[in-house]
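Okay, got some structures for you below.
Two complexes follow with chain A in common, the first pairing it with chain B and the second with chain C.
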Partner chain A sequence: MRWLGAFVLLAALPFFLGDYHNDVYRKMLLWVTLALGYNFLFGICGQVAFSHFAFYGIGAYSVVILLFQLNVPLPLAIVLGVAVCIVVALAVAIPSTRLEGFYLALATLALAQLFVVLLNEGGSVTGGNGGIANYRLPDIFGVRIRGPWYTAVICALLVGTYALLWRLDRSWFGRACRAVRDNPEAAAAMGVDVARTKVIAFTLTSALAGVAGMVYAFVDNTVNPPIFGLDNAFLLLFMVIVGGAGRHAGAVIGAALLFLLPFFLSPIVGHHHVLVFGVLVVAAILLQPKGLIGLFDFMRKSS
Partner chain B sequence: MKTRILEVRSLSKRFGGLTAVTNLDFDVFEGEILGVIGPNGAGKSTTFNLIAGAHAASGGEVRFAGEPILGLPPHKIAARGVMRTFQHNRPFVGMTVLENILVGAHTRFHMGVFFSKARNEEAQRRRRADELIEFVGLGDCRDADVATLSFGQGRLLEIARALAGEPKLMLFDEPAAGLAPAELERVAGVLRGIAARGIAVLLIEHDMHFLLPLAHRVVVLNFGAKIADGLPDEIRANPAVTNAYLGSHAPAR
Partner chain C sequence: MQDFLELTVSATASGCVYGLLALAYLLMIRPTGIINFAVGEWAMVGAFGGFLLLSKYEWNYAAGMAVVLAFMFLVGWATERIAVRPLVERGAPVLAPILALLGMLMVFREVVSVSFPPDPHPVPYPFGLGRLELGPLGGSYQSFFIIAVTLIVFAGFWYFFEKTLWGRSFEAVALNRRAAALMGINLSRVTALSFAGGAGVAGLAGLVVSPNISAHYLMGVPLAIQGFTALVIGGVGRVEGALLGGLLLAFAEQLTARYAPIPSGFAQGVPLLLMMVFLLLRPTGLLRAKT
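Take a look at the complex of A and B:
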């Protein structure tokens, strides 16, 4: 019921927004969705990965290629797109989580770079530098979903992702993830299969990023390589750190804030808002490692 | 006749040229506290880590409930019903006492997260965890962040967390280390209570004054080999043990 209420509220808003604000709103919701998934991997399970935007891109490109180059029906395209994400995630995670330390970070960094190269060099399949454009969401039961109604689809994605991760976090699996983050040796002594927990957390959050990518593919009705590169992967990491790693609410606040901040900053500092982000991240790490949500808790406790 | 839970046979461990444990044999029975003592460097902790799966053995055999467990990774040994504590407390920080104990119960969860029965299972495990919190005497800090616990409370948490896995055998690595006298009493009481539940207890300990009144049987190690075993009173009277601890020229106490 709570989730349904949140969905209705979020989905109602765009009906009162203009086209431009609706577009900003949609992109903010997508960032929040991605940040929620990344927070589960980085903040809750303690695994550093840079491939989240690569999976976002794998989801987006797969669904577009499957639908419009291979003429696969939409439901099957979605299933296959998720399957591609899962296979790639397993292929990266299984070898790299067997080793302690930074191997997952390195492997995902390589994957993120490789993916953008593949997109640029993919010829007619990926459309190269220009990507793929001039398609639109197929009609579902004869209905064309667009405008604020498509924003409702994004709201459903966000609320669904939140509900899924919230439930997982409060289960034995979520506790196992936190235990793996805090002390892998003690986690293993408690019977937690550390490597397997990491693989599941990585694969699950990567698949969620892939699903978000599929939804993104029909926001602008174009997919092109720069979106899915490392810049955005790092921005996602910043969002989670600034908001408060390990907390769902922190991911929401961090993502919304860092996404919206450039709109307010650009009249003042132009395109140098990245500098402000850098300062924010350093400040968060040095002064408030629990992020904005930690600051919020602190203020609530002391008042 | 009590059931034999753990059988250790010819267990050996070499680190390069150093032999840490040599041809070690002993058994642990259900409901019994077996103490393993010895001076620093006797191979106590190595023995412990071999049984818990943290180190790979160089030779020998360890059977738990009749099944060989040597060579299994730590999480599989835990899943069989062997739970351990750490010499230096290793709580999961950022979680409450209750949540830490629920991690200890990890291997007792069988329901997929999204099945409706998972709620019942979670509720049942939480009730069990509450009982364990009362059993070790941490009732006042059930929902406290573990970072706020004292060292002694942290040790009790280690014990409750391991108990939550419903073990048949518990391994304690120097549970008395660093504790104040009042806390020692409390830990000793908890260990007796665990044995009284029928759980086999393997207690590695440096401190003879803590261990001898507590253990039902004692194995003494020196330089990686067993030099004596028997009842606590026999161990007290054994000159080989006194020599190992105090040197051969010291007067017997």
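Take a look at the complex of A and C:
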């Protein structure tokens, strides 16, 4: 019920916004969705991966390629797109979780780079440097979903993702993930299959990123390689750190803040808002490792 | 055959650059366990130092090189002070400094991009443009210069680690931090020096490679990834591994670009594939650590 209320509230807003603000609003919601998924992987399960944004791209590209080059119907294209994400995620996660330490980060860093290379070199399949453009969402039951109505789809995605991760966090699986993050040896001793927990968390969040990517594909009606590069993967990590890793509310605050900050900073520092991000991240890690949400808790406790 | 011999020199030279970057990673990973992706940005800072002193103010090459090196030592030391030491002293998990250094990476890049216009900045060749023929092997002066510099650096570090008391204390920290601290080795000094050394080596790599590719504020990340791939191939156990990994990577890269019947863009994917294969099959790298 609470989720439904949140959805109605979020989805009602764009009907009062102009086109430009609607666009900004949509992208912010997508970033929040991504940050929530990444927070589960990085903040709750303690795995550092740079591939989350690549999976966003894999989702977007696969749905576009399936729909418009292979002429697959929309429901099947969505299922196949998710399947692609799951297969790639398993192929990366299973071997790299066998290894100790930082290896998942390295394997996913290589994957993220490789993905951009493949996009650029994919010829007519991926459209090369320019990507694919000039397509639009197929009609669903003869209805064309556009404008604020499509924003409602994004709101449903966000609320659905939040609800799923929130439930999961409170289930045995969420507790297993936190145990794996805090002390893998102790978790194993308690009967948690550490490797399997890591693989499931990685695959699940990657698939969620893929779904978000499919929704993104029809926001600008264009997909191209620069969007899915490493810079945005770093930005996602920064959002979760600044907001507060391991807390859903932290991910929401971090994503909204870092996404909106450039709009407010650009009159002051021009295009150099990334410098501010870097300083913010270093400051967050040094001064308040729990992020903004930790700062909020601290202020509430002391007042 | 002529073609192959030509390629040998240039591949060796780029392998040496990767090897230097891998060495920079290795210097920091061995005693601290911290992977510092800002290595690529340090190389970029070194390249811009070269542009500023050698191109803009037209200093003598050796003097410019020495000042850039000294400056890089300072940068490395300051980075350790700001982003690593407070976290280590607090007892934060090893991931915290790695993430803080990712933040520093952005700070370095953006500080340079604020200070210089976004177009590539030329850095001069120390011996001008020219070819040197050594028997069947021929290559540009710069290729041979890079190879010579790299050999000197690696020989220096090999001597340092194997023959000097200071170097042995680094090894002791790498093997067991606690035991080394109990033996009276100053851990924070070792950490500070390893960061200063890492920054010096990375800056040097940036300085010698920049005449070929020009100093640009986005040059860091590709260098960081290639250096890291070289490190993964060679293994973090031994100093020589870094050079071996760099050479293997450069040859794999250039041979596929030259001879494999695939589009040139795909050749960029070769090092990444190599890195994944090594991570999955041989995560300790080619050279095992000495016991």
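Annotations
The working rule: the second predicted complex is superposed on the first by the 303 of 303 C-alpha atoms of A that agree within 3 Å, B and C clash if a C-alpha of one lies under 4 Å from a C-alpha of the other, contacts with A are read in each partner's own complex, and residues count from 1 in each chain.
Here is the rule we go by: a residue touches a chain if its C-beta (ideal position, glycine included) is under 8 Å from a C-beta of that chain, and two chains touch if they have at least 3 such contacts.
Just so it is clear, the model here is predicted, and its values are computed rather than measured.
Contacts of A:P289 after superposition on the shared chain: chain C is touched, whereas chain B is not.
Taking chain A as the reference, the larger set of touched residues comes from C, when chain B and chain C are compared. When the two complexes are overlaid on their common chain A, residue A:F173 makes contact with chain B while staying clear of chain C.
In the superposition on chain A, A:H272 contacts chain C only, with no contact to chain B. Legend: residue contacts after superposition of the two complexes on their common chain; A:V194 is shown touching chain B, with no touch to chain C. Once chain A of one complex is fitted onto chain A of the other, the partner contacts of A:A186 are limited to chain B, with no touch recorded for chain C. Contact residues on chain A toward chain C in their complex (touch as defined above): 48, 95-96, 99, 102-103, 106-107, 109-111, 113-114, 117-118, 120-121, 230, 234, 237-238, 241, 272, 274-275, 277-282, 285-286, 289.
Note for the complex: chain B touches chain A at residues 52, 54, 73-75, 78-79, 83-84, 86, 90-95, 99, 102-107, 109, 113-114, 118, 122, 125, 161-162, 165. Of all the residues in chain C, the ones that touch chain A in their complex are 35, 82-83, 86-87, 92, 95-96, 98-100, 102-107, 109-111, 113-114, 221, 225, 228-229, 232, 263, 265-266, 268-269, 272-273, 275-276, 279-280, 283.
If you check the complex, the residues on chain A that touch chain B are 167-168, 171-173, 175-176, 178-179, 182-183, 185-194, 246.
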